[in-house]
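Following are the structures in question.
In the two assemblies presented below, subunit A is common to both, partnered first by subunit B and then by subunit C.
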Partner chain A sequence: MTKEAIIEKLKPIVQPFVKNEEAFKNLTDTTDFITDLNINSANLVDIVLDIEEAFHIEIDNESMEKMLNVENTVAIIQKKLAAQ
Partner chain B sequence: MKKRVVITGLGIVAPNGIGLEAFTHAIKNGISGIEFHPELERLKFSCQIAGTPKISEEIKRNYFSELELRSFNSSGILYGVIAALDAWKDAGLTLENNDQPDWDSGTIFGSGTSGIETFREAIYKIDAFQTRRLGSTVVAQTMASGVSAYIGGKLGLGNQVSTNSSACTTGTESILLGLERIQNGKAKRMLVGSTSDSGPYIWGGFDAMRVCTFKHNNAPENGSRPMSASASGFVPSSGAGALVLEELESALDRGAKIYAEISGGNVNSGGQRGTGTMTAPNPIAVQKCIRAALEDAGIHPNEIDAINGHLTATSKDALEIENWTQALQRKGIHFPYINSLKSMIGHGLSASGSMESVATVLQIYYGFIFPNINCEDVHPNILELIDENTIPKQMIKKSLNVVAKASFGFGDVNGCLIFKKY
Partner chain C sequence: MNKQDILNKLPYSKPFLFVDEIISITENGVKGTFIFNENLDFYKGHFKNNPITPGVLLIETMAQIGLVCLGIYLSESEKKENIAFTSSEIEFLKPVFPNEKVTVISEKLYYRFGKLKCKVKMINENKEAICTGTLAGMIT
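Then we have the complex of A and B:
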């Protein structure tokens, strides 16, 4: 799955939790979920659960800790998909 | 010198009316909110009738964001937040997002359990080794203080934000706790009240104790029969009631509408000694509680115009009436008017005291006594104590100066409040 395709699939998962719409519109690789999109850190577990469901993968705790920005999240999803 | 405390806002989510207008209409006209619940029949409950407020998806969205409603399944928090926010608005207070906490305003909002449906879902997941899939809101929905936490966050309350719990006395106790906090000068406004979850997982334990009626599954509206000779147990119910208590000076400064004054109150326990047990009240404690509430309020027993009783429609109703006659030293035709909201909405458990207090305050503000339905056959033991005319079966229009409200709960706990016309 290409990076672009993953991001397109990721956007609607993240959107309900976003508190900064402007930053969400201008999403880049380095966009941080907490500091840029103002997502409540408690909600990161909900995003990870939704990613697991949408991509049919399982994300371990170590990987989850790194999923704080777009770039890392895409990389982890790619890695998990490749491992299947 | 204690500060005077008045009620400046009310909110209600009851089985027979959501919002003040619908609820006031219902209680004036003796409209029942009790219905047959097919789910209780399917689950083989003895009592298959109950009271549940009907909250549409549209109403929900006026109080909660889409994000908050994700995986949200806590009827108690739903009812509590709606009642609380309505009371706040009714008091003319702002709902806009404040950047700073409102240090002078707090909430004590009671509950018996929280998010029992969410708790059930979580237990199934945990037992299926799915703990990591619980999501982020199980704690907030199932912690006992879930309801006050949601309310506090929505209103930006910066004073005490807490939940009390004392079985069926919970709602009455929450009001007393808020009253005392303002009297003592520790807050200017306290949003008080209580809520109860709805559904089989909250009602099942009572059904198992055989304290709910099983004789009215075919006639739900006739099922809740406080003070009746044919009363055969209470009808389980749910909902929430909320009151904004405010320091008199603050209310006058704001030019707020004043519904009534709370003159005083008392809570105590019979210690499960004497004839008191986990489930039965010690009459000495009940009478002491009522007398202490009057003393706290500086009110003579003869000044009481009406009583809003606990009166659940079990065999204990006659004992409650006897306790009132003893505590007030008034009987026969000299007994005050007495009514039970439970005849219309059943027993709201932890929510009962606050829903019934909202009804009590509406009676004082609008000058009426709501009817007792389903007691055309008053219990003979009650008629030995008080005159039948003190038990209205039709609404009475009457200016009320002082009304007493009491609640009694498991654990042998008691609460009594004295409301007064302002």
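Then we have the complex of A and C:
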């Protein structure tokens, strides 16, 4: 799956939890879920659970801790998809 | 970890402890009770000459039994110290008057990455639903 395709699938998962619409509109690789989009850690868990369901992958604790920005999240999804 | 160990580990004391007894606790959920004594201070003001338990305290009671007791049980082996209340979505169906005993029944929806989310119900002694909904917290 390409990075662009993953981001397109990721956006509607993240959107309901976004508290900063402006930063979401201008989403880049370095957009941080917590500091830029103002998502709290509890909602970040829900995002990761929704990612597992949408991409049919399982995220472990170590990967979860790295899923704080767009770039790392895409990389982890790609890695998990490739391992299947 | 037995029921008494969990009660001992609760980070609350009077007048903000809203758990009397844990009836049962498993990996999947918890059931516990609390009696709202008529001498509790807030009844003097909620409402004037018409004491009714505030809804926020019903949520607090649901959270202490349904989230915190269960969270202590589930995180026993993880060396975690704190639990932070992160969300609630509760509907109220019946009032709770002074001296009523309530029972909270909580079912775990999931506990992952430190987040515990539960479906929680409070019932009165006639087994009527007082309030129902979902609560979540982060255990860190």
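As a convention for this text, the second predicted complex is superposed on the first by the 84 of 84 C-alpha atoms of A that agree within 3 Å, B and C clash if a C-alpha of one lies under 4 Å from a C-alpha of the other, contacts with A are read in each partner's own complex, and residues count from 1 in each chain.
Simple rule for what comes next: contacts are C-beta pairs under 8 Å (C-beta built on N, C-alpha and C of every residue); 3 or more make two chains touch, one makes a residue touch a chain.
Since the model is a prediction, treat every value here as computed from it, not as a measurement.
By the touch criterion defined above, A:M1 lies against neither subunit B nor subunit C after alignment on the C-alpha atoms of chain A.
Residue contacts after overlaying the shared chain place A:I34 against neither subunit B nor subunit C. Once the two complexes are laid over each other on the shared chain, residue contacts for A:F17 go to subunit B alone; subunit C is not touched. Within the superposed three-chain model, A:L49 lies in touch with subunit B and with subunit C [touch as defined at top]. With the contact threshold set out at the top, residues 42, 45-46, 49 of subunit A are in contact with subunit B in one structure and with subunit C in the other. Taken in their complex, subunit A has these residues touching subunit C: 40-42, 45-46, 48-49, 61, 64. On the subunit A side of its complex with subunit B, the touching residues are 16-17, 42-43, 45-46, 49. Interface residues of subunit B, counted against subunit A in their complex, comprise 66-67, 70-71, 133, 135-136.
Residues 86-87, 110, 112-115, 136-138 of subunit C are the ones that touch subunit A when the two sit in their complex.
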